[in-house]
């Protein structure tokens, strides 16, 4: 595996720096576009890495996957009364669909849907408790207590988040959200601001590749059918209106974040995290997606063969 | 396998007749809603079946999958200049997306996209030749010369196809179609009218589960990456705005038809065809989808675990 | 004129109580649906009235007309950089059009557009000053210092205004609003809460029927071309997606409010205010519109003959 | 009046040739962009003209106004079951609204609506009879037998009319059209191809300015309330998504055609026809609209003052 990752690292060399770094907040804008890291966590719990695989980056929307699992573990299938599980066919922050479907977001991996998930994870508790459960999961499964929320990023998100505010108030007007809008938004902005390295991220998501079980310890992190379903939602909806393209080229359940990270799950094999800040038009890391495509070509890990 | 299928047959018994039989043409409307058949073709090329698995039914949109393969084999990647590969997020015959995306359909498995595929498969040849290549493929791979186009169904489709005519003319106005509209429509209506049994269908699609190769003869029916990609398109787009639900519940690449058939591919294992005429709101067989869910629960064939 | 109004009062008798009283805030919900008032102000500045024409009601969106005039007087044509003047073809609070037109509302008489107007009228000053200029205009032109803002209504609007909050944040995300969102919303909610009687309202709007001039005093309240253009915006956009119907039946520039009031301008003749709380699906007073239709039938005041 | 028109002719001189000549059919594309004509028909039936006011041009969508009157005279208010009377808020040939409103076009002056009107005017008769009734009206009211349908234009329209075909089939799929699609389209394309001069057009529409009565002969061409309502539809919907702008600047009921003509009605005064081939983005003659704005500025004919 170390060799494979080294090969990928060598092959992406001419493609470093491609795409456009997110610049809507300073903390993202100042990241060096030439950074690239990749890590793979396998059945034995070991993590292999290459490039900048130990550098923490803002995982942004990738945390939506873990929030979804936690919310489902907490409230069960009734979450699906307030959020769908169909691809949206539109951008991550589109409001049109919300109007025609009366305040119910298409899926939990677009912004509006992730707010619904946040609202459920808060439940009758506090935002702090919800974030603690997220950090608890990520630290335990990554085997690393350094996983944290970057407060500067969280504050920047809040300051520039007019459209997310619009989405939240719009859902509130349809009764989709239970908690007050500012609480949900604060929770949402904070979960976007989790900082992790590729190594930490790949390890943290490993249970999704093994029926919800941590393959090293055998601990059932979440129910097997839940892991399966989260993977299906990632496959169908993990990259907004670029999900079809990602499935076509990579063929793995995945989730992108505008920080340049991508998490991909190889059922029965392991979890991959890749990071490179330059994004394509849909907000997916360009060089990151290319690296995954290369790795899958070598390993034939696509779920479609 | 015969036992498994027999179990499924027994378990779906209380669910026979669920859903609503398509009634926009007489040939579909008069089908008995209680029919149910299922078949599985495996690595050895053998087909196992249960229930009404030898009864021919109108495979309707399922043929879009084979048409896609043939058109890609003929014209290659330039097909993707005229049709996307993203989920549509809307119904099979929606025209709204076509307007905002200037005549380029979202994917080849919605009606408009299948017309684009048909247009490419006709190319500079005739509609008859295109249909011959479809029948040739289906007969060869199903090992059954009885596979045919039901002319009564084709004529009925043509008579009632106002909305499909609108889609075709709309694309023509954007220059998406090369052949004349009536030719493309005739080809489209005919490919919808292929009649096959579950047995024939499962066997015919077997190469999609084995990297494009017929596992019995070793013949490469289509390139391995093409099979992989067709499977990804089926997973993301195979059930219109119900694709997420199907992935969530079944977890296999699949394609539904309003005749009540569903084709599902189990990469590395085989192909499943199921048939039961009653449809849900998105046009997918209700009891058929339930049967697939049961079978996948027993076999853990979901690609997501 | 008194006779005419008395006739109308008699003829609408069997239609009292039609429509549905707005119930999203208590102050509107508790109004007696059988109230009906009508008033006409003519060239001599005299006001004729019938029914409950001295009863103050919440004029709601009718104040958008006066806000528009004040904002145009303040900032001139550059207002049109931030708000269009085309009919929206959709409901008063639709957000879809805002997305496709990148945060620029269709016209100043839908909610989003009125927020843009409010933002301009506030300008570098305070919300209080903006509201003072509105009340100043209304009191001066109605010749009645009792015109006021109902604070209970303003507070109720603010409490229930999630969708309006969504509209405001959405525009903020496109840079359409200069002032902070809460200030604009407060101004917006307060201008909706103006309480006036039919008599006061008809008199206050009289200058719009006479080239912007108060016909009694000769004072030019606004430029003649501005009055003409405000009337055109009322004609095309004054009743949301019911504007065509109102033009078809009544044929006068008008503006409705969910409090049940309608203001109509008869160029060269005078201004009519009518009030009856029951609304049609588009939020226009049913009996009020009927009364205007009757009056126009008698007077042939439609601008279209 | 001759003087006024001469003034306008002189003032538009520097603006000749502005806009973009329609080029989707050869017969329109080859028209000299510098042509300009204007005519006014008054209460006495006399027609005053300036510039190229005797040159026949393709009146295109302007004929929709006369078709609407004829259809209403034939079938009465039941026409409104199949077509609305609200502004569309979108382009003349948009299909999106048709989908969301299930095949009922917004108003009779967009293409889809005009097809509904054509369908009703054909009724149980033939397309030829419908066109005869249109030519009969136009010849009688223009006092000129030379008014005719340009067959070259009609054939070109038919050849290039893919989008209009799509609209027609789409409505057919909802059951909006009674006659067969090709018949309705032929009728529609032919009525677009009427050739008239400004003089003929102004005279032909004179009854719309006088309560439906030809003011010269006193003959009631259509009922007074019908004339009023047709004027209201022209005001709200006569220029597609540019109707608000036209009302704002000109303030008269009007109808534009892509041949560069505009018809405007001055209730109680007369009818104006103007022609200049260069169009703005919404398909309205740029110099033509400017000329009307100038004339209305001089005469204060806006209905809003």
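All chains are identified by letter, namely A, B, C and D, in their written order; residue positions are counted from 1 within each chain.
The criterion applied here is as follows: contacts are C-beta pairs under 8 Å (C-beta built on N, C-alpha and C of every residue); 3 or more make two chains touch, one makes a residue touch a chain.
Just so it is clear, the model here is predicted, and its values are computed rather than measured.
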{"item": "Those chains which touch chain B and also touch chain A", "value": "none"}
{"item": "Computed distance of Cα centres, chain C from chain B, in Å", "value": "55"}
{"item": "Separation of chain C from chain D, taking each centre as the mean of its C-alpha atoms, in whole Å", "value": "32"}
{"item": "Inter-chain centre distance, chain A versus chain C - centres from mean C-alpha coordinates, in Å", "value": "47"}
{"item": "Contact pairs between chains, per stated definition", "value": "A-B, A-C, B-D, C-D"}
{"item": "Footprint of chain C on chain A - complex, ascending", "value": "94-96, 98-100, 162-163, 165-170, 172-173, 181"}
{"item": "Chain D residues touching chain C - in the complex, by the definition given at the top", "value": "84-90, 97, 106-107, 211, 224, 227-229, 231-233, 235-237, 241-245, 247-248, 251, 253, 267-268, 302-305"}
